[in-house]
Amino acid sequence: MASPKTSAPVAFSSLLSVIKGHFGEVVLAHRSDFGDDTIVVQRERWLDVLRFLKDAPSLAFNYLVDLTCVDYFGQEPRFEMVVHLLAFESGKRLRVKARIPEEDATIASLVPLWRSANWLEREVYDMFGIRFAGHPDLRRILMYDEFEGYPLRKDYPLKKSQPRVPLLSPEREEEEEI
Amino acid sequence: MDTEKSLSPSAEVDILEPTETRRMRVNVGPSHPAMHGVIQIVVEVEGETIVYSDTNFGYLHRGFEKECENHTYQLCIPYTDRLNYVSPLINNEGFCLAVEKFFGVDVPERCKYIRTMLSELSRISDHQTCIGAAAMELGAFTPFLYLMKGRELIYRILEEVTGHRLTINYMRPGGLAANLPEGFFEHLRDIIPVIREVTSETDKLLTKNRIFIDRTRNVGAISKEDALSFSYSGPCLRACGVAYDVRKAFPYSAYDRVDFEVPVGSTGDTLDRYLVRMGEMEQSVRIIEQCMRQIPDGPVSVNDPRVILPPKQEVYHTIEGLVNHFKLVYEGIRPPKGEVYQMVEGGNGELGYYIVSDGTGRPYRVRVRPPCFMIVSSMDFMIKGAMMADIVPVFGSLNMIAGEMER
Amino acid sequence: MAGPSSYMFVAAILFLIGAVGVVVRRDLIVILMAVEIMLNAVNLQFLAFARQLGQSEGQVFVFMVMVVAAAEAAIGLAFVLLLYRTRKTINVDNINLMRG
Amino acid sequence: MGLNIDYEHLNQELKDTLQKARPAPPSGFVMAKLDEAIGWARKYSIFQYPFVTACCGMEFMSVAVSHYDIDRFGAGMPRFTPRQADVLFVVGTINHKQAPILKRVYEQMCEPKWVIAFGACASSGGFYDNYTTVRGADKIIPVDIYIPGCPPRPEAVLDGLIMLQAQIQQEGYMNKRKALRKQGLKELHGQP
Amino acid sequence: MQVAFFWLFSALAVGCALGVVLKKNPVVSAVFLMGSMFALACLFLLLDAHFIAVIQVLVYAGAVMVLFGFIIMILNLPQEELPPLTLGVTRAWGVAFGAVALLFLAGKFFPTKEGFMPTPQEFGDVRFIAGPLFKEYALAFELTSLVLLVGVVGAVLLAKRKA
Amino acid sequence: MWIDLLIVTCKVLFMFLFVLGIAGLLTWVERKQSAILQDRIGANRASIFGVRMIGLFHPIADALKLFTKEDFVPLHGHRVLFMLSPALAIVPALMTFAVIPFGDNVHVLGREVSLRVSDINAGVVLVFAISSLSAYGITLAGWASDNRYSLLGALRGAAQMFSYEVVLGLSVVGILLVYGTLDLNEIVRAQGGYWLGFIPRWGVFVQPVGFLLYFTAAFAETKRMPFDLPEGESEIVAGYFTEYSGMKYAAFLFSEFCEMVLVAGLSATLFFGGWQLPVDVARGLAFPLVGVVHLSGSWVALLQVLTFCLKVVAFLWLLMQIRWTLPRFRYDQVMALCWKVLLPLVLLNIAVTAAAVLAVKG
């Protein structure tokens, strides 16, 4: 595997047409503001699209850079999964997104494609409460098991803490809360 | 220290399943000398061989991302210092580059060189800490102190520039907080030989040390394919033989104008990771020397009222300047609506910032791509079948920085 | 003055304790230990007689016994380990088959 | 600076507080000398338990190197088992996930024991004020010395250590100290 | 003096041996066995067999017992797995036999007052043992080395074998 | 009778003071030596009445503090064995010094007195017999603590000490073959004099391989840095003494230092001429201006004791230097080193030595 940029990157438009040629209308939206190419895909085809992006020889987005989620509180659908990909051969980067509604906060897991998705998805589950279908070991990772709620959701208050041990001098605590 | 037999939040494992001899379950961490205080590896050993392990962390989760959503862009910078606290300048740089990407501003040349130079100094201190700590955990206390001595000199010069030793808060979107102080280059010229000397002393103590080699060679080896599947980056990936370096592949600041090599290993074991780091320290010194030669004079910040505070002269004497200052401080800089991803080469690899802006003075969402998160996620994979004592060098060479990993 | 008979008496008691231990205990390791006690009782006897007769043969035999005892302990314990691996027990009551 | 602080008064107040907190000096020459000797020994033989979590750990390393050398004060020996440690250095942010472990480690330490809160986060939570952080280690365990700074400079750490040494010298013999701590805990928990 | 020491160490040896058999925890048994070995070594000293005494400590206390301890800890059995003493039919026979033998001993072998015959000066010396060991009993000596070799190989084979 | 008793008491007292003193001092030396190696100053603040004495009071402070520290016994551990094992660790280490000679026999009060506590003619074997007992201390300590780190440490310690004892014992066989005796004083006496007029007849020149093997094995027995797996700080926290506090912990520390002194003393005795002076005092000391000075017997004895102490100190320094330079082995590496490298070498050494002795002596 050579260092990136050995072959010319695929143009964004041809990439879109390749995806369209394979899946039909799976890309809901696309833009490339600030130099970052972005596509939004259907949630139901999430795993298929990413598998195609990874395996198709002309694309070969074989490196999972990052996987995260954004909570657009008040919009519908509420959550947006964001995955950053890198094609190692060509040095092309791509951002893939999918919208997830609050009432059915599930999406397919990417663990079959990349092993690093394991912990990343656990983190998203921990922070946003999104469930990943097919994840081998979905449990909290940064927070403790007793923690209730999902701290990075916009409706979780910044300062609402859930202590595991009784804190000393509770009266002082109250004083500070004011 | 039977720390938290009952507290263990880990998964339940049936230890009564038929085995050859009785398995023993040992808690390594979270408050354990080799675990930097913040990671817990529950291992099950048969004799000394690890048959099962489960890595738990989050003991330093400080809510970085949530805090950022509640602060203006400038106020996020101190929080970025404390992500990878061993090389805070690189974290600053990544965040500033990401915000600059929103505005499309191009910082002055001098600023680029200073950023490059200071980033490389931070990288040296990062690698020194990593190697030193790993050596200390193997029992070699003396190399650790030698390296820390070298790091101390870097801290002093950084303090000269930025006013603080460690948590620096020096870079700003659109430039720097201040220009370089007088006598900076003389001082830098003085310490470079010392840094080289410290490195070579460590080299003598470790690289040819038979015990050190025995402890690290073929320990925690990972193949190219596995490493990529785990989204490795940085020295750990390069130790596997993949010459991927953000500084070369996607140059930022002044990296496209300096000449440096990317040290690459072959087997991806602990020894290779150590050697790659040693090589990178040498390359960093080379970059610094080139920057010292090439750096131009001039301002260190762009003259753009959207991102940079106006000069004090204008604030005191013109109403536009005063209003501009007030708005920048009170409301913060307001990038356009949208989202960016910007990566830099951190001490551990690709450090990316994904920022979503809703057009207000506070970021809607800040996500950090922590390089060591992915690297540490391979811990269980790497130590399976290894010996109990191998946890220490493997974990040390992965250079987990909890602030970055757990944010 | 403690003479040969005193030593014989002590050695006999030790031997007896060892023998009863072998019969009474169920833990294989402890049984091995009891065997060691018996061997030692014999050693004491040997030495007492050697001293009485002023000959070196008694001491030589003690030497041999020790060697055999050490080898016995090593083999015995290796056997215990193997047994535990196959049977998950070292209780002699549960080990009543030579095979399987 | 324009601040008008009555340092005289503050100092007097501090002295009074210390006087109140301090156990009565032992009666009798021999006991007093014994007390003093034990205080002396304890202050120059500090085995530390580094409870290192975060950024402050970097400066904690710096304190050990040749430029600062904490070993000069007899505190250079880290013991990673709480049983053998005298001083618990809480270095870095404590979050709610970490809190029970810190408490456990503190409880595992043998008397006499002291706690140093190293850095802003351990002292007060620092600028992390959110759902996950504990606002200072003293919310969980009693703390003797607070070292400010984010992270504190090594000089500040050494200063804190010297203050702790002075405090150790002042304190009395073990049993008395134990009683004092029990009483203090009772006050803190508000129950026997 | 000698008599006092003799009875002291004898009592120690017997007491520790009883401890081995009666204590239910195998580690404690091992410690008692070590005590018993040590007391026996002292008895050997009283018999002027210095060399054998030292070897006794070296081989038994130093090596064999550590091996026992090692194995016990490796297995690390929970205590309740092995009830210490149970009296089945055969065991009852064993105890009965022991009691009878003890009575017999007390009657027949009770120690008399007479002492040892005078022994040669060099009785406990290494040379005194080495002579016959390497001359008359050379074959036996070599055979024991064979036994040891077989022991080593056998132990390794047994322990390494996968069940 | 009472004079004999007095002499024995004096010897025992001297031996105790020597070992305890040196071991106590070693804690200070360790700190200072590491400080020098690491470009630091090291402990120097403890002062009595304003006198600092380059940190010499720090060991006193440590001892006093550990005395007054709370004594902890784990709830589920084995109480008696937990209390017993520190003693089991320290007593053998102290006992072995009984047979190490500090000097040649001297005439005191009309009788010949050997400068060692006990005259046992199987001295070498006794040393190994007793020191092999110290494995109990750590094994039982680890087991009785009811702690998994401790148990792992105990297992490692038992296996390691057990294995290296074999090499340790066999490595000295070469020396025994050469000098034909088990008596340490005899061995030292045989090392007097010179070859070619300037090479001292030290054991190390006859048994260089034997010395290296002995030193390695003995180092492993002290459980110090490259071999400190039983307490391997970064892996199993503090190994077998994880649960110990206060004086019991101090006992373990102390036994480690005592073992160091023992290793140094035995190395000096067996391989470096023990109390033999580097110059031939029997012929008198020739000074350039003063001329030949003949020394009386007691002066010679004093010089011999001093020489022995100096040799011990030199070895201790070497041990310290190694400890602060090398990283730690892994468990299987330690075992492989013992059984696959040292053991064949030591057997070869015995065979070669035996052949050579046979050839020379006929």
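Each chain gets a letter, A, B, C, D, E and F, in the order it is written, and its residues are counted from 1.
What we mean here is this: contacts are C-beta pairs under 8 Å (C-beta built on N, C-alpha and C of every residue); 3 or more make two chains touch, one makes a residue touch a chain.
Owing to the predicted nature of the structure, the values given are computational and were not obtained by experimental measurement.
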Smallest count of steps, each to a touching chain, taking subunit C to subunit F: 2
Steps in the shortest chain-to-chain touch route ending at subunit D and beginning at subunit B: 1
Label of the chain whose CA centroid is most distant from the centroid of subunit D: C
Contact-richer chain pair (by C-beta pairs counted) among B-F and A-D: B-F
Centre-to-centre distance between subunit E and subunit D (centres being mean Cα positions), rounded to whole Å: 54
Separation of subunit B from subunit C, taking each centre as the mean of its C-alpha atoms, in whole Å: 63
Rounded Å distance, subunit D centre to subunit F centre (Cα mean): 39
Shared-contact residues (touching 2 or more other chains) in subunit F: 38-40, 151, 233-234, 237, 242-243
Set of subunit B residues in contact with two or more other chains: 1, 20-21, 24, 32-33, 58, 61, 63, 66-67, 145, 149
Residues within subunit C bordering two or more other chains: 81, 84-85
Of all residues in subunit D, those that touch subunit A in their complex: 96-97, 99-100, 103, 129-135, 138-142, 188-189
Subunit A-facing residues of subunit B, complex: 9, 11, 57-58, 61, 63, 65-67, 69-70, 101-102, 104, 224, 226, 228-231, 242-245, 248-250, 262, 338-341, 343, 350, 352, 354, 356, 364-365, 367, 369, 373-374, 377-378, 381, 406
Residue ranges of subunit A in contact with subunit D within the complex: 142-144, 151, 156-165, 167-169, 173, 176
Partner subunit E, residues of subunit F touching it in the complex: 78, 81, 84, 120-122, 125-126, 128-130, 132-133, 135-136, 139-140, 142-143, 151, 154-155, 158-159, 161-162, 165, 169, 182
Interface residues, subunit E side, partner subunit C - complex: 2-3, 6-7, 10, 13-14, 17-18, 20-21, 26, 29-30, 33, 36-37, 40, 43-44, 46-49, 51-52, 55-56, 59-60, 63-64, 67-68, 71-72, 74-75, 77, 81-87, 90-91, 93-95, 98, 101-102, 105, 109-120, 123, 128-129, 131-133, 137, 140-141, 144, 147-148, 150-152, 154-159, 161-163
